[in-house]
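All remarks here apply to the structure that follows.
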Amino acid sequence: MTPKKINNCALVLIVLIAFGVPLVVRSATYLHILILLYMYAYLTTSWNLVGGFAGVLPLGHAAFVGIGAYTSTILSLQYGVSPWLGMIIGGLLAAIVGVIIGKPTFKMRGAYFALATIAFGEGIRVLIENIDYLGPLNFNGPRGLQIPPLDTGLSRFMFEAKEPYYYIILVMLVAVLALTYFISRSKLGFYLNAGGEEPEAAMALGVNVARAKLIAMAMSCFLTALAGTFWAQLTLYIHPKSIISLDLSFEIAFIALIGGRGSIAGPVLGALLLRPVSDFSRIYFGDTVPGLHLIIFGVVLIVVMIYQPRGLQEPLTRAYNRLIHRFFGPQGSGRAA
Amino acid sequence: MSFLEVEEINVFYGDVQVIFDLSLHVEEGEVVSIIGGNGAGKSTLLKTISCLLHPQSGQIRFENALLQNATPEEIVARGIVQVPEGRRLFSLMSVYDNLVVGAYNRRAAGSQEESLQQVYTMFPRLKERTSQIAMTLSGGEQQMVAIARGLMARPKLLMLDEPSLGLAPVLIKSIFKTIRAIADQGTTVLLVEQDVNHSLSLSDRGYVLEHGRIAMEGQAAHLLEDPHIKAAYLGL
Amino acid sequence: MIFVLEDTINGILMGSIYGLTALGLTIIFGVLKVINFAHGSMLMVGMYVAYWAVALTGLHPYMALFVVVPVMFFFGYYVQDLIIKPIFKAEKEVREPITVIIVTTGIWYILDNLTLLLFGPDYRILQDNPLRGKMLEAGQMLISVPKLWGFCAAVVTAASVYVFFQKTRMGRAIRATSLDREAASLMGINQYKVYNIAFGIGTASAGIAAITLVPFFNVYPTVGVLFDIKGFIIVVLGGLGSIWGAIVGGIIIGLIESVAPQFMTATWTEAIVYGLFLLVLFVKPSGLFGVKYDW
Amino acid sequence: MNMLEVKQLTKDFGGLRAIDSLDLTIGKQEILGLIGPNGAGKSTAFNCIAGVYAPTMGDVYFEGSRINGQKPWVLCKKGIARTFQIVKPFATKTVLYNVMVGSFANTNKRSEAKEKAMQILEFLQFADKKDIRAGNLTIGDRKRLEIARALATEPKLLLLDEVMAGLRPSEVDELVDMVRRLRQSGITIFVIEHIMRAIMALSDRIVVIHFGRKIAEGSPEKVASDENVIKAYLGGEYVVS
Amino acid sequence: MALTWGKTLSRVLFTTVVGAALVLTAPLPTMAADDVVRVGNIIPLSGPSASVGEQGKFAREMAVEEINASGGIKALGGAKLKMLYADSESKPEKGVAEAERLINSEKVHVLTGCWNSAVTYPTSAVAERYGVPFIVPVSVADKITEQGFKTVFRIAAKDSWWTRDQFSFLKDMQEEFGTEIKTVAFVYENGDWGKGFAEQWIKLAEKTGYKVVLDEPYPSTATDLSPVVQKIRRARPDVLLLVSNAADAILLTNTMAEYRVSPKAIIGSGGGHADPSFLTATGKNAQYVFDIVEWETDINKAGAKEANEKYKTKYGQNLTGEAVDAYLAMYVLADALERAGSLDREKIRIALSETRYTDGQGMIVGYDAVEFDQSGQNKYASPVMVQINDIGKGMERITVWPKNARRSGYEPVFPMP
């Protein structure tokens, strides 16, 4: 078999297995953990479009999760609009806000950009906490919005069981990964990478770096906001302090950095490491030694960064190649990515 | 044993090998030039002697002591001082502060005032500019500060990385004159240059570096006459 | 009118203390080119050290200076030496190693929760300290004495750090390293030792801020978070790396927080602060006192 | 019609006048050399033409139309490509990737971009290194990559900023040869160079600037014997002890 | 190139599966056995409300130790209560996730929690969906029991009752001491809880005819509350009503003392004012502050003193209203389990809904019984007012209202001198 075939087979196999998981895993808890894992992988992949490919470090993406969640929830609670439609509207709104905020901030360098996005994220949270009503729209200020679990079903984006959520977020994740894959091979991907690495050279080669970044930002914000709606429909409650929190913004970025920023696999790998660490350490230590789970989380962050500052994607790729090499012989192992 | 002895070093930049089995020596009081085009490995060689890089194999000895795994600070403390390529001044600091930082190492710190006087004697212009911010100096003045800063460290061996880079011809001449004056005061000088004519004319010996290997070595006067050098490096 | 004056004074005093809490952040950024996300936690550690130093010995709170400053200096020194330095070594080529941001965040989580484990979630305040509740009366105006001392501490600390950087051998070495790491190495300056010392100074200044806060502020494990984001905003307003910028940035925030609530509800002042912050970033990205030099 | 016409170009930085009323023209398929002592304003002139800086005064015409202050990426699409004095490769990407960024200027299709990039690499005898990461190239290859990327944008006018600096003589000869072949393929070339031997051999005409002003213009022989030029290079205004 | 990207993608998904496999083979928490009653408790054990979470945990532990030591649930053959704690970190989404886990993986029979109304609210929806009885010791937002849920049972009073009692108290004091009250000021944390109280206050003030001179939310993350205190000082209200978390309650009280703000009365709303740290951290500054709570150490009820002594020796602090509600909740649960005689969640739910718990070790609260109405609200729950004062033994919290619960021999100080 050629390396390409082996990889394609592995790809298909893995997608099939992922879709088969709910047939084996009946525990709603594990499904919930997997759903959150996929959701974080999805969020991070969306983040990666700017944070990875465009070479900046946005630390305020929770704001877009919030925009998505609030848009669809307000529309569905107060105007009966299906959350599916609200999801798209929220995405578009987030894209617009993203472009507006991206335009000035993309001119900034390194630390300034990171701090500006933090301030933007926190600013949006403070704004929502201060607004009870905006015209006819009820934001309910700091108290958040509850979605009554009344009519379930696909059209209302609300389900009794976990399986539908699982499949929705899995499809979203696969779609966003595929999208990232195609973007990375497209002109836009080339332009983003080039502009992220050497903006001056890229401009001389015909790349409108600012525009490429804004397009990426718009896409990233759009996709991020979709996950906001998903999250709102999953927990049926949105609360500015948690859905637009710094913690969320940080976690999205950390997953990417731990997994390997700018690579397609990175976000998924990062989520696979960090989510279980945070979930299981909270489950096992959260009650006995309060705070220990966050200490463990902190230690994992530090250790990974000391030993793999470029993220886990590179060593895991090597390990995968060795594995393929062992099972399929030398022709199976491709060159290093 | 020589003053500085480099024995069969191999140096890598990441995965790329830049220097191959390179050996050279410098005797006390000499002026030695290393000439070669960009990418020949000249700067890498100096960085290796300064211990900013470490050779994968081979040894470097200075005054008979091995410089294995030493840090750049230890190298300076032992008396090897490098004036880096492109001057690398502390751009937002004054001329005075730049010079004083040069005397940071303990050996030089004690005689800071004395060194300062010497340096000002050598470069009177710097005395006029003592409180000016380095960034605002002209190119020639910046190169003076760079060399003066190196001298402030009281070097036994002064290594200069392309001091003529980016200077007008007339300035180049005076910089080389200064280097000769430094050597005449008893400091050993290791000079890395692309400007073959100037550098060899003031040197005792020279090495020609090509693709990370010593292609030729000998008395400076002989090298200047060598047809291969003329053909390859002087464009004649 | 007297109200506005009173609020303005409080804003300046409290703001200078904010500036003091952010001073270390700006020092560390100036030298290491890294935002220390654990700075608030360092402040928290300083507050605990100060609290216990006073609570156990019965010293005057400001006498704790002699305990807190050295303890915090070496704490910062070794945190940088043992945890952050390896990353710098691994990422030598990178100018603003983003990985360090993650590591400092890891340190933040660890410090906050370790404190929770050790001392529990209780809120502590120094009960019978002589400064507690001390107010200066000027006509109808009331001015907090511990805050006034905080203002003095901020100015004195900033001035000392400034003079140290300008006039001492180590100070020059630190500035040289911040401008060109490699050239500084070639001058015999140990880059990592300079980083350790800069981190130590930054942390020690957080310790001084902690001492000025302890007489009137609660001490609890997550108290640092309150000052974290505030610190980021202050240092960017003042210009990353600028010592006086941090103090002025702090005073601006203090003034907004103190004066604005008299015209609106206090919750909106936060929004104003963020708005102003973004505005300054857009108009003058290098901050009010930042050098127009690309870090 | 001239390929490029620069009229009374002036550029100030703060109080400093980097270029002062510079006039020059380049005909179609010509090779024009621009020389001058360091700090004479050569790179600034390039940056004004390539759209990095907007000129303070004066006009730049490309194929007869005025292009003052247009952005670099716009000019690139119009047919002006340039290299950088300090090479700026996309270091983590392969040589092919680097060149494809350039070839995307005229297509949206990945396959076309790749084909074009391969053509260029083959033309420059560079194809064997297409999978090497740009960060791992030698300095000579980086310079070549710089040219390859610029060529991939299919320029009419190519601005070469000290592409020979730091190369060995044999490499310089190769490059001179290559630039000549480029001209034969129909590209107009404007070149800044420090290596006299190369620029003398290469240029149809040479313009010499000093302190932002044009001090001489003409054939290589004429310029080389010009008194002003010799004075500028050997100087006398700077006395160092 | 195509090859590389394709491979990367497949690698991603390959690792996804390996990771998923790892997750699934991770050691599972032990599955439910029949001889224990598994009680899931979601409380904030880390993060900003960790202090309250800890109190709730201590109180639950003490109650469960007592219940188990005295033979467990007899109707279930002496089954012991087994406590499972989950940390919400005060975050709604964590609370929801933990509820899912406790219900599905840990197979808990009953849930309790979550203190933060913002967490309890969405979590109660999860419990309702799975039909798991959900005992809410404290979380005062009205809406928690107004969702039409069958599984929610709240021990504590809800905020409309708390605010109602605060105003009744004011009226009574006004009459008792002949002090006229004209103006009130509301200062509260800008959150679910504070906003909820403020809404009720405004209505009550309108009804009572008080003039509202200040209605001020503040961020509980504020580092300097003197601007808010200045506003209070300048508004000169007769009565100041507060809703504060611990850190800001302490800061506010101390700052008010600094600025010599002394209205006729300052009334807290539990929470931060009831935190054990509050008294130690404010000292004299808290003197004469009134607070509304569900319970106080000096309550005139059999067993209350003993329970407090036991708690104090065990955990080094006094029982608080928050803690007592949690303590009581465990006894209410035990009582329901005895009557249900089954571990079936529905049966437990029915038993809970039929609760009438009047005496027993857990009944150390001021009122007479625990009985839930249709919505799951404890009908009898009623707060008391305490005043913080030093009557010779340092600052302590002294019950003053309703009058029949007032500590004998204590004369409330009203208005504040």
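By letter and in written order, the chains are A, B, C, D and E; residue numbering begins at 1 in each of them.
In the analysis below, contacts are C-beta pairs under 8 Å (C-beta built on N, C-alpha and C of every residue); 3 or more make two chains touch, one makes a residue touch a chain.
A quick note: this is a predicted structure, and the numbers were derived from the prediction, not measured.
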Maximum distance between Cα centroids and chain D occurs for chain E
Relative to chain B, which chain has the most distant C-alpha mean position?
-> E
Separation of chain A from chain E, taking each centre as the mean of its C-alpha atoms, in whole Å | 35
Chain centres from averaged Cα atoms put chain B and chain E apart, in whole Å, by 73
Whole-Å distance, chain A centre to chain C centre, using C-alpha means?
-> 32
Just how far, in Å, is the C-alpha centre of chain B from the one of chain A?
-> 51
Multi-chain contacts in chain A, i.e. residues touching at least two other chains, fall at 126, 129-130, 185, 290-291, 294, 335
Pull out every residue in chain C that's touching 2 or more other chains.
-> 113, 116, 121, 221, 267, 270
Touching two or more other chains - residue numbers and ranges from chain E | 1, 46, 50, 53-54, 190, 219
Inside the complex, what are the residues of chain A that reach chain D?
-> 185-187, 190-191, 193-194, 197-198, 200-209, 335
Contacting residues of chain E [partner chain A, same complex] | 1-17, 19-20, 22-24, 26, 29, 45-46, 50, 53-54, 57, 84-87, 91-94, 96-97, 100-101, 103-105, 118, 121-122, 125, 128-129, 143, 147, 190-192, 195-196, 219
Would you tell me which residues of chain E are touching chain C in their complex?
-> 46-48, 50-51, 53-54, 190, 216-219, 221-224, 226-228, 230-231, 234, 246-247, 250-251, 254, 257-260, 275-278, 280-283, 285
Footprint of chain A on chain D - complex, ascending = 50, 52, 71-73, 76-77, 81-82, 84, 88-93, 97, 100-102, 104-105, 108, 110, 113, 131, 149-150, 152-153
Chain B partner, complex, touching residues on chain C are 169, 172-173, 175-176, 179-180, 182-190, 291, 293
